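The chains carry the letters A, B, C, D, E and F, assigned in the order they are written, with residues numbered from 1 in each.
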Amino acid sequence: MNKKLLETVKQLSDIEDFKDVCHQQNEFTSMPSIDVLGEIVTLTRSILFPGYYGNAAVNSKSMLYHIGVNVDKLLVLLSTQIKAGLVFEKNTQDLPCNDFDTCSREIARKFIMQLPIIRQKLHTDVVAAFNGDPAAKSFGEVIFCYPGLRAITNYRIAHALLKLEVPLIPRIISEIAHSETGIDIHPGATIGEYFTIDHGTGVVIGETAILGNNVKMYQGVTLGAKSFELDVNGNPIKGIQRHPRIGNNVIIYSNSTILGTIMVGDGAIIGGNIWVDKDVAPGSKIVQRY
Amino acid sequence: MNKKLLETVKQLSDIEDFKDVCHQQNEFTSMPSIDVLGEIVTLTRSILFPGYYGNAAVNSKSMLYHIGVNVDKLLVLLSTQIKAGLVFEKNTQDLPCNDFDTCSREIARKFIMQLPIIRQKLHTDVVAAFNGDPAAKSFGEVIFCYPGLRAITNYRIAHALLKLEVPLIPRIISEIAHSETGIDIHPGATIGEYFTIDHGTGVVIGETAILGNNVKMYQGVTLGAKSFELDVNGNPIKGIQRHPRIGNNVIIYSNSTILGTIMVGDGAIIGGNIWVDKDVAPGSKIVQRY
Amino acid sequence: MNKKLLETVKQLSDIEDFKDVCHQQNEFTSMPSIDVLGEIVTLTRSILFPGYYGNAAVNSKSMLYHIGVNVDKLLVLLSTQIKAGLVFEKNTQDLPCNDFDTCSREIARKFIMQLPIIRQKLHTDVVAAFNGDPAAKSFGEVIFCYPGLRAITNYRIAHALLKLEVPLIPRIISEIAHSETGIDIHPGATIGEYFTIDHGTGVVIGETAILGNNVKMYQGVTLGAKSFELDVNGNPIKGIQRHPRIGNNVIIYSNSTILGTIMVGDGAIIGGNIWVDKDVAPGSKIVQRY
Amino acid sequence: MNKKLLETVKQLSDIEDFKDVCHQQNEFTSMPSIDVLGEIVTLTRSILFPGYYGNAAVNSKSMLYHIGVNVDKLLVLLSTQIKAGLVFEKNTQDLPCNDFDTCSREIARKFIMQLPIIRQKLHTDVVAAFNGDPAAKSFGEVIFCYPGLRAITNYRIAHALLKLEVPLIPRIISEIAHSETGIDIHPGATIGEYFTIDHGTGVVIGETAILGNNVKMYQGVTLGAKSFELDVNGNPIKGIQRHPRIGNNVIIYSNSTILGTIMVGDGAIIGGNIWVDKDVAPGSKIVQRY
Amino acid sequence: MNKKLLETVKQLSDIEDFKDVCHQQNEFTSMPSIDVLGEIVTLTRSILFPGYYGNAAVNSKSMLYHIGVNVDKLLVLLSTQIKAGLVFEKNTQDLPCNDFDTCSREIARKFIMQLPIIRQKLHTDVVAAFNGDPAAKSFGEVIFCYPGLRAITNYRIAHALLKLEVPLIPRIISEIAHSETGIDIHPGATIGEYFTIDHGTGVVIGETAILGNNVKMYQGVTLGAKSFELDVNGNPIKGIQRHPRIGNNVIIYSNSTILGTIMVGDGAIIGGNIWVDKDVAPGSKIVQRY
Amino acid sequence: MNKKLLETVKQLSDIEDFKDVCHQQNEFTSMPSIDVLGEIVTLTRSILFPGYYGNAAVNSKSMLYHIGVNVDKLLVLLSTQIKAGLVFEKNTQDLPCNDFDTCSREIARKFIMQLPIIRQKLHTDVVAAFNGDPAAKSFGEVIFCYPGLRAITNYRIAHALLKLEVPLIPRIISEIAHSETGIDIHPGATIGEYFTIDHGTGVVIGETAILGNNVKMYQGVTLGAKSFELDVNGNPIKGIQRHPRIGNNVIIYSNSTILGTIMVGDGAIIGGNIWVDKDVAPGSKIVQRY
């Protein structure tokens, strides 16, 4: 290291220089860890779909032990990460309970108690993917290697955590799926049963989108905001409905973009590569012309 | 763990609850491993393109030793994964030979014996990528860092394994490339020589697509099924031709979607962002209007 | 290994067979390492955004030590990789200084001295992402988990290295971001301040694209070449301007494709899913019809 | 690699050159793995002393799950290593059951069923170490960090496996303890309850040694063979009693050597640094003079 | 897992069966970790002997940064382990401060503040080893590869922690050295400057031993307790002086055993392989006869 | 980090404070790495005893490839470590060739060319261990798990490197064996064929010891220096013969100490626990009395 580098080090360490781009997590708490959250997702999947992920030796006789241990591990890891998320965004006085540790553990327990319901919903998604794809040979294959199901699993986990008011963590969990699959489902979206995404790369489902049951979509589909209202300071107003509502039994083909607070009615079919920013009548079918 | 969690554990371990979402691999065989398959792909690449991947110290004098050892390792790892795939989908009586171990090893050997031919085909793909990209400076750069070539390599490996009737494994290998590159080529597709994909994110090539020689495509291109016939129970019929045929010397620009059992003739050019579901005449050029 | 496999090994080791697909790095130098370059990116981020990445225990008192050590590590790792890139493409006589080691270290030092400026630019990108997304709750969240910012960070690092005439390495760094985020920004592109990409999967920004300040784009946007001139041998001519220029304050919605050496004027808005290959007037707004 | 090295490689690969120093394990079975055996020991300890080793989060409520999972893992890992040991030394026709897999699993099950008894014996050893050392503060401390107990644990595991006629593996397990602690107890030795070794480095207990209850020994003590009978070919005769018998309540101080098939009577005390090759009367005390 | 194994699992999980061999660490605190303590020792060595251990790239210009970062890391890791040790042995009411976290951090800080003094003492030990061994070529060699110095370093670290009343942790640190080097120095021993141990395997130095300056000893030397007084219940009385005092400038040759509360006077020389349980006059020399 | 810790950091970073305990390796060269040297030993063993260590899948057909690759790896790793050792102790002008890189590679090549001879010698050691131990069942068992053979292997490797005038590295290699086995053989010792050490913990063989063929020794045996001559400054004189010579066919029982430049004649037997500092006549037998 020569003189100039030493000066660069000093400049980069100047509080004025880094204060806007440096988050000061409380000194004795770690930042959320993307690696640990990845582990948490893997662990949760191994509880929801026992036998497919994680320890290959799981069999019916020892299922109780394995799920017990995995729930125990999940409780420990998830509590830590929830705490890291709470510390990232909140002060002690904003907490719904006495302290960060108690809150985190309580939320982790509530999440785990929802796993049977999450499994039921994912079961419907597996059925939908299997029925909808001529190439699928078994439920097993869908669970084991369909990226669509992987993204939906992360979404259902992240959505449950968001409902429990965990900050930051749900978003990171959905970004993990986004990076792996190219499918970006915001944890805030509301999605019914028997949901399936084929291929999936480039799919975007926005924060306030609402999807009915039995929706199928292909790669590159966007359910986005057309524009968003600004407040008097010119900043976007938070928490306003700004994404589409999709009815039941809707199919949306690849690379189409559905924008704004429109309604796509039950049973509608949206062809590929088109841009939709007006309501679509139930049962109608729209396609691009060339 | 409190009482409620213990009850949740019991519920999640109930056979009725998990039986549909749990694959029961034969007790003494492991599930296919995505990690090991990733290692197998890396190993195969290091045999096909010696010097670019894996041990950097390879030189011409010791090439024989390195390829010999890598083939030896590949034989061991691939046999295990092929076995895992066979056990996942088949019973002993469905096997073409006496037992899982013999079958798996035999198939692995046959695959390895095809590596020289696979290398020849990939060589044409490298040439095509180099010639087609003004930014490419050498074959080496193409092999070392072009995601298109990476996806095509995984496809050519997976396709060869599929032809050898290995279940599940080819699909996982193509999903590994899909996750890394955003390019989703079904192992069942038939693709000629001098194939090149630029940028590639969002490309989807379906199971029964057939591509001639010297095809070039850009990011976001879909060669998909328009719809698929249902059997009397309303389920999709498997194994029917349902994707496009693409002739020789065809270029397809970004984000276009070619759907159904249509034919795109030799030398055709498809512009970007359009949706094509009818035959395209040889030599013709179609573009979106706005 | 049986006889046939031994023959396959010999065939694959034949110099005629592998000479075109094997790069002969100088015997005593390693190939560039994607893993080490990933580490370099993580290290650089931890210097630019201290506290968010890497060691969670960083606090204001010890910031100087941590940045000092990270700069020291970066100097060592980056010098090695720059050398690997130089050896990959150049001979000693083509170097701007005496030998590979001296050159590599000098370039690494120059890069590090630019980090304060790179941090300033990235700060503007963080501000833009925060202001532009109603879902963003803090600068911290943007830096910690927005894939758009991750891709822009890799771009700004890679661009600085490209300007210092480092071969191959910038391209690998941008491919690392491409694989993680689906966003493919060529290191050669020129991009102004306050740049933001939302969702991002499928974005492609070509080598000679030029973007003004305050540009916002969504997933699936391509800034591509329409065609490129061939030389008398039918090969593409290198280094020619072939991508669009985008003015200041431009918004490009999802999945649109802007092609060729056109100009998109200041303040223009390009709707989603369209294909643009002609100049767009300042302040104008173009959308797809259906 | 130059010419001379290539010749060296050939010479080292000549079958005549390596045939005596190369074990040819059956082609499709691995050699025993010292790393996996180390893992097996750790796993067994975590079952025997739950809470001290391995997962720190074990608590009474989830004990059943954790022990269940650990037993399941142990069954899988141990079966593999037992098989590796059987293949190393035996042919199929020498097996007590149909094939290597069946035998290995059966032996692993029998071993696991002895764990409750092994735990009882080790409990007495913990009590003895605690009572005998003024520095010990709790049973916990003894279990957690006394090398003597670690060596005795490995011995009791290895001894049980030897009794089940597992080849090679018991020896490797005792060598793992030897390397960690400097205490070398042959798995064939017979050792009573309440056994304790203090400090322990250099202790050697031979294959046919027999120790009563409540024996205490210090570092450097040898219970060795004085000489061994040779057969007509001048080779040592296997399986003959050749080590000492030690009665109950005997103390042997540091660095003493007890040799041959002698008897050290109940309650005897052997001072440090002496060489004993004759019977020692019960209750007697022998010391070195200087 | 068959029926019998399930029964074994139940038996091993029975609270009566495991309660004596299971330490119940407070539910939300981990057990001390031997791996982390190994890391702590490595980190402390890299602070004491910068340049020899850990990051090889340390140079004088960046020394401040590296030591600063290592001290920061040490503070974090050591606080956690001290807490784990305190929780293992103490209740909150026994603590010298309000809670475990505060206490642990305070002790870790005090320890770090002693590092300059510990470095001074170790410097004298390096000098002694160098001067005393004809084979030593430089201070560097002694620090880098002499097991005696490694054991003494761990001892000086462990001794400082013991003086700060940290439970369990000092003992584990000395056992780490014991396992690596065969040298077992109790953290409670008192040892002067310029101390050196050659070869070292089998050396034992007891809890209440007191050594002057400039003591040299060889492999296999024991400074042990001859016997210890029992209380009315027949248990050893804790904390009583029971090991030898060794004066200044004493040499003890290999495999000798010095027992009990005797005094070995200044300048004495003890020959090898002998057993000493009486005072040795200053300047005298005792050897074994044969 | 509070104020006092910041002061401690400053003190520890003061050049006066650390200059004596800090080795300044040339800035761009790493220190020798104990981990890499451990890997080198494992690699060398896998060449010498193919099939026992390392890749379990080695079989006779592919032996040439595996040994070729391992020799290639060894050449790379060993060159680096030899360079690190040379830089540690020498200046460029002291080198026998032009620069560190050339020298290191040349020495590594010479070492590799000696491997066939080293294998022959180790073969005699295996034979001796097998013949001498009634418990040994096969050559395989001896090679796979006898610590004595492990220590002798490291010695024969280290001795060859020492003869090639490599500094520091031989010593570290023998310390690796010392730590694993408790056997400390100085690389400078001269040892004949058919050498065997049983159990081994505590064995020390000094730098100038000379052993004939067919020597057997047990745990705790020392071949040490009695005293060493000092120069006029009171420092030990380097390089003088100061350890015993042991003839052919000698047995030395456990824990005995042979000191000084004495001669133990052919066929002599030294009993256990004794201290010998005078010549021992050929064929004689000496024992301790009590």
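Convention: contacts are C-beta pairs under 8 Å (C-beta built on N, C-alpha and C of every residue); 3 or more make two chains touch, one makes a residue touch a chain.
Computed from a predicted model, the values in this text were never measured in an experiment.
In terms of the stated touch criterion, the partners common to chain C and chain E are A, F, listed by label. Between the interfaces A-D and B-C, more contacting C-beta pairs are found at B-C. Centroids built from CA atoms put chain B at 26 Å from chain A. Here the CA centre of chain B is 57 Å from the CA centre of chain E.
For chain B, residues that reach two or more other chains under the stated contact definition are 1, 9, 57, 59, 62, 64-65, 67-68, 72, 182, 201-202, 220, 255, 273-274, 288. According to the touch criterion at the top of this document, the contacting chain pairs are A-B, A-C, A-D, A-E, B-C, B-D, B-F, C-E, C-F, D-E, D-F, E-F.
Note for the complex: chain A touches chain D at residues 55, 57, 62, 64-69, 72-73, 76. Those residues of chain A that touch chain E in the shared complex are 1, 6, 9, 28, 59, 61-62, 65, 101.
Across the complex, chain B is touched by residues 47-52, 56-57, 59-60, 63-64, 67-68, 71-72, 75, 109, 112-113, 115-116, 119, 122-123, 126, 131-135, 137-141, 143-145, 147, 180-182, 199, 201-202, 218-220, 253-255, 271-274, 287-288, 290 of chain A. Interface of chain E with chain D (complex): residues 1-2, 4-5, 8-13, 15, 17-18, 20-25, 27, 30-33, 88-89, 167-168, 171-172, 175, 178-179, 182, 184, 186, 188, 201-202, 204, 207, 220, 222, 224-225, 228, 235-240, 242, 255-257, 259, 273-276, 286, 288-289.
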